[in-house]
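The same subunit A turns up in both complexes below, where it pairs with subunit B and then with subunit C.
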Partner chain A sequence: MIVLAFMFLVPIYGSIVTSFKSIEEILTEGFWSLPNHFSFESYVEAWQLKNFGRYLLNSFIITIPSVIISILVASLAAYPLSRIKFKGQNIIFFLFVAGLFLPPQINLLPLYKFINMIGLYDTYWALIIVHVAFGQPICVFILRNFFINIPFEIQEAAKMDGCSNFRIYSRIIMPLAKPVIAVLLIFQFTWVWNDFLWGMILTQGENARPVTVALFNLQGMYVVEWNIQTAGANITAIPTIVVFLLFQRYFIKGITLGAVKG
Partner chain B sequence: MKRRRINLGNIGEKVITPIIFLLPSLSVYLVFTFGTLIYSFVLSFTDYDGLSSRFNFIGLANYIKLFKDATFYIALKNNVIWAAVSLIVPMFLGLFLAVLVDRKIRGENIFKSIFYLPQTLSFVVIGVIWSWVYEPTKGIINSTLSAIGLDSLAQQWIGDPGLTIYSLVLTGAWQITGYTMVLYLAGLRSISQDVIEASRIDGANNWQSFWYVVYPMLRNIRTVVIATIIINSFKIFDLVFTMTQGGPGEASNVLALFMYKEAFWKFRMSYGTAISVIQFLIIFIVVAVYLSRTIRQEGEV
Partner chain C sequence: MAKVTLKNLTKKFDDVVAVNNMNSIIEDQQFVVLVGPSGCGKTTTLRMIAGLEEVTGGEIYIGDRLVNDVPPKDRDIAMVFQNYALYPHMDVYNNMAFGLKLRKTPKMEIEKRVREAARILKIEDLLKRKPKQLSGGQRQRVALGRAIVRDPKVFLMDEPLSNLDAKLRVEMRTEIAKLHLRLNATIVYVTHDQTEAMTMADKMIIMKDGLVQQTGGAQEVYDHPDNMFVAGFIGSPAMNFLDVTVTDRLTLKNKQFDLDTPDNIKKIIKSNDLIGKEVVLGIRPEDLEDSEFISSAGEHNTITANVEVTEPMGAEIYVYVDIDGVLMTARVTPKSKLDSGHVAKLHVDVDMIHLFDKKTEKAYI
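Entry: the complex of A and B
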């Protein structure tokens, strides 16, 4: 297992050491060696000349509202799907689950046209709306499955006391769902942050372009400058890695939540 | 009078409340995914190019063209290769790692994190990192091979048409193994120790109790893993786009990328939508067949 772990880490090791080397050193020494002297030049280059700071900021501006809105909206939808019996409940839930199977390519063209039509092309909102929409299947799925296992006695008692559905949702169900919401927050964060396709299709230039697309452009521009490419890759990866290391346990719990109950 | 009020309350409870709660989510979801999905279906029967405002209905012409297009078969074959390799390598590697980690070894969390780490990275990041790994002269594989005197084994990992798709799948496997491991681990942890001990008392050795007792009990997890891998394999786009853009030539093209190139580079919008419709149907049919067979088997047991 130690051997396997080592093999898994080699590509990441390469990305880290390479980003601190100069291009001459890469050409003479290659992949394995540690940098002779740590140089931050590649980071400076990516940050200043390629404006990675701006793209990072864009990614945060897109990701944070996307995550919060998609979970909030999905939790509202999950409430009646799990706590109230009504006609068509199963069909609506099935509609959400079906979304898990959709390849995004099938929505690509009409959505591109539609976003242009409503004047949101190249704005943060274009990406936020799309991420909220595409986040619904998984968020509704997980939240509904969690909500449905909360004992109904609590709800009945609250109803006797005259609580409205909204109060039950906001005062009873949501507080109980905190752990699962934490999982979703982290998951959606990585998902939205790592998006590339929508960022590429729906933005142009610096206005709203996320950092993943900037990294792709950087890759095309510095074909042989592996130090700059890897520096860009590391900058792009840092936020998700930090989130992962901080909330590791939630991550691992989250996968099982999303899957086992399916 | 009293009865009527109760009925009204019922309508509120059974109709209005669900609608209000569902409205934000469902409207965004339906407009942006299902609305556009249906529009895609419609466009696939037209000659829309994305630029002009008018288009004509041309029936199945796009689909007929697609089934005669050699690139379609290359892309489809590559998706099938992707699924086949992914159903072997990350499936078994993930299971193997889960079994190892499950033994409550020291540093369990560190190992889990290491194997899971690639899952947290964007495919664009992975594309950069692995392009460097596969780099023909200075990249890790070839430079290590030449350092130990095995120059003859060095390859153009992402330049050789016959090899490229496998190199890409391997990168994909590196990414997804952590996911299968975590799922299997959850499955293993949910199996009661009593069952395993009972099999021991009956005289089963380690391997036998794993193969005859534990492995069959992982069936539900396995279904999820297989379905997820199939879906992912037919959706794959980012990694291929950032590493090879389908090259050399069309050698590593996949359906999603084929669609993207036709629609956005060649402005054959309606043709692109036809490709995506077929891609969707393939995923849907393969997964539906797989799941219905598994469910039937479960019924028989």
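Entry: the complex of A and C
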């Protein structure tokens, strides 16, 4: 456990200390030493010269709708899959879940061609659509399994109270699923935010390129500016940490939810 | 309020017939209890009345309206579930108000009705709490409250007390009975507990394997069961059954006893031509008494048998005796000194015995 924790923490330490050092200091003192004097210059440089702000904004514009839409769409699929009996239910669920086991790289070329064909190349929508689609298996899987454990009597009571199917979904099931939705929010946010592959494939230039890809391009042409690289990486990591902190109360609750039912 | 009419009601799940051609009328303001062992179709019947289960055949009327194809929300009924089925994310007030809100009832009216229901059920100080902060009994009160505020034509209750502990169950039983009087409501109540059924019902509908076995008031069903199932199911401890032969002296004979019969049984024996035939004799435990305490008894109409176990209940003693390999229960006076290992002489109150056909299990009348 300690060894594992160490292996996780060392790069984070390196990345943080390096980002506060100047390039000269890195070259003389090396990567791991504490900075002689703290400087935010690399952050400023990353932000201003490399236009990091723009990429960060791109990432938000891609991530936020992707996360919301993917959970919303998945919940609309998970609800009938778990709460309304119909023929072929299990087959449809199986198809959704099967998506979990498909490596996204398989779709690389066809999707690239397809996005090009429908004229969305190098737009936010290209990435949003792809992320929503790839988010479905895990979101449907988790939501459906949560929904199915909500007692059916609650749904029936709501029906007798006068709820339509959509009302049961919006007024009963979704509010009850808050913890699991928080979990998915964190997962999906992290997943989409950290995506590199699709951002790389489906965008070029500043238009819609997410920050993770921009980070890769921070590699200077002639020298590797470690300080700027790490500063950029740290900026990139902040939103996921903030999201986690915001929803972690639910996250912990969601994870232990099956164990103790109140 | 309204009456509920079930005509030739049938429900099939694939090949299994859950409810078979049921005909019943639940009168306006009547408290009707559907009772039977699990799997007898009582809950399915209730769910069909509620509209939660589709009808395979037959008709359901609420008032004069055929409701087979009417969705649950438009049937003007309210249901109380066994596990309460409260909305966990809403407080007590909103749990009760939810149905009214969906029906676009004016806010003032909702407030008035919820407060009134809370007052009746003594949950006024719980209105701001979430269901998980309530005890089982309180939750059930909220569930009842949710039904009351709707002021429905018919209340449906699906084993509402079976998740409560024994003491609370008895309390809530009285509570619901009082509620029935107060609201003048038509109530259809499902339970597997015959005590609950007997104590609460205006009318019991006793079911088994999807078939109605008997319908009637508690005492009527207890005194005149139509068949062996009803006789054994209603009453606790259950009725004792023994195989006997009818002698040509019109007595009921078995290896261990020879019982006289009263005039009404003699009549039955003659009219059904039972002399020389084997029939099933049914004796309720309270119709067996330690003969020591029956002054007129002597050896007449007594059964002699070995006592297996005794269970002192305070007001009475249950004595279990072995008669020809059948364990029989007697409810004797607490003064009795009978104990396991003794030979008991039990006097039979022959005026109270029942006779059943051995094959069809039907009672002779």
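Methods note: the second predicted complex is superposed on the first by the 230 of 262 C-alpha atoms of A that agree within 3 Å, B and C clash if a C-alpha of one lies under 4 Å from a C-alpha of the other, contacts with A are read in each partner's own complex, and residues count from 1 in each chain.
Simple rule for what comes next: a contact is a pair of C-beta atoms (placed from the backbone, for glycine too) under 8 Å apart; a residue touches a chain by one contact, two chains touch by 3 or more.
Bear in mind the structure is a predicted one, so any value in this text is a computation, not a measurement.
Put the two structures on top of each other at subunit A: do subunit B and subunit C fit, or clash?
fit
Between subunit B and subunit C, whom does A:233 touch in the aligned arrangement: first, second, both, or neither?
first
Which partner, once the models are overlaid, touches more of subunit A's residues, subunit C or subunit B?
Result: the larger residue contact count on subunit A belongs to B.
At the Cα centre of subunit A, what angle separates the centres of subunit B and subunit C, to the nearest 10 degrees?
Nearest-10 rounding gives 90 degrees.
Kindly classify A:175 by the partners it touches after superposition: subunit B alone (first), subunit C alone (second), both, or neither?
The second partner, subunit C, only.
For A:151, select first, second, both or neither according to whether it touches subunit B, subunit C, the two together, or no partner.
The second partner, subunit C, only.
Is A:162 touching anything from subunit B or subunit C once the two structures are fitted on A? First, second, both or neither.
Only subunit C is touched by A:162; subunit B is not.
Minimum C-alpha distance between subunit B and subunit C after superposition, to be given in whole Å.
After superposing on chain A, subunit B and subunit C come no closer than 5 Å at C-alpha.
So which bits of subunit A does subunit B touch that subunit C touches too?
Common to the two interfaces on subunit A: residues 262.
Provide the residue numbers of subunit A that touch subunit B in the complex, in ascending order.
Touching subunit B from subunit A are residues 1, 4-5, 8-12, 14-15, 18, 26-27, 30-32, 73-74, 76-77, 79-81, 84-87, 89, 92, 95-96, 99-111, 113-114, 129-130, 132-134, 136-137, 140, 165, 169, 190, 193-197, 201, 212-213, 215-216, 219, 226, 229-230, 232-233, 236-237, 240-241, 243-245, 248, 251-252, 255-256, 259-260, 262.
Residues of subunit B touching subunit A in their complex?
The contact residues of subunit B facing subunit A are 13-15, 17-18, 21-22, 24-26, 28-37, 39-40, 43, 50, 93, 97, 100-101, 105, 109, 111-118, 120-125, 127-133, 135, 137-140, 143-144, 174, 177, 179, 182-183, 185-187, 190, 220-221, 224, 228, 231, 234-235, 237-238, 241-242, 255-256, 259-260, 263-264, 269, 272-273, 275-277, 279-280, 283-284, 287.
Please name which positions on subunit A make contact with subunit C in the complex.
Its residues touching subunit C are 151, 153-154, 156-163, 167, 171-172, 175-176, 178, 262.
Quick check: in the complex, which residue numbers of subunit C touch subunit A?
50-52, 71-73, 77-79, 81-83, 85-89, 98-99, 102-103, 132, 146, 150
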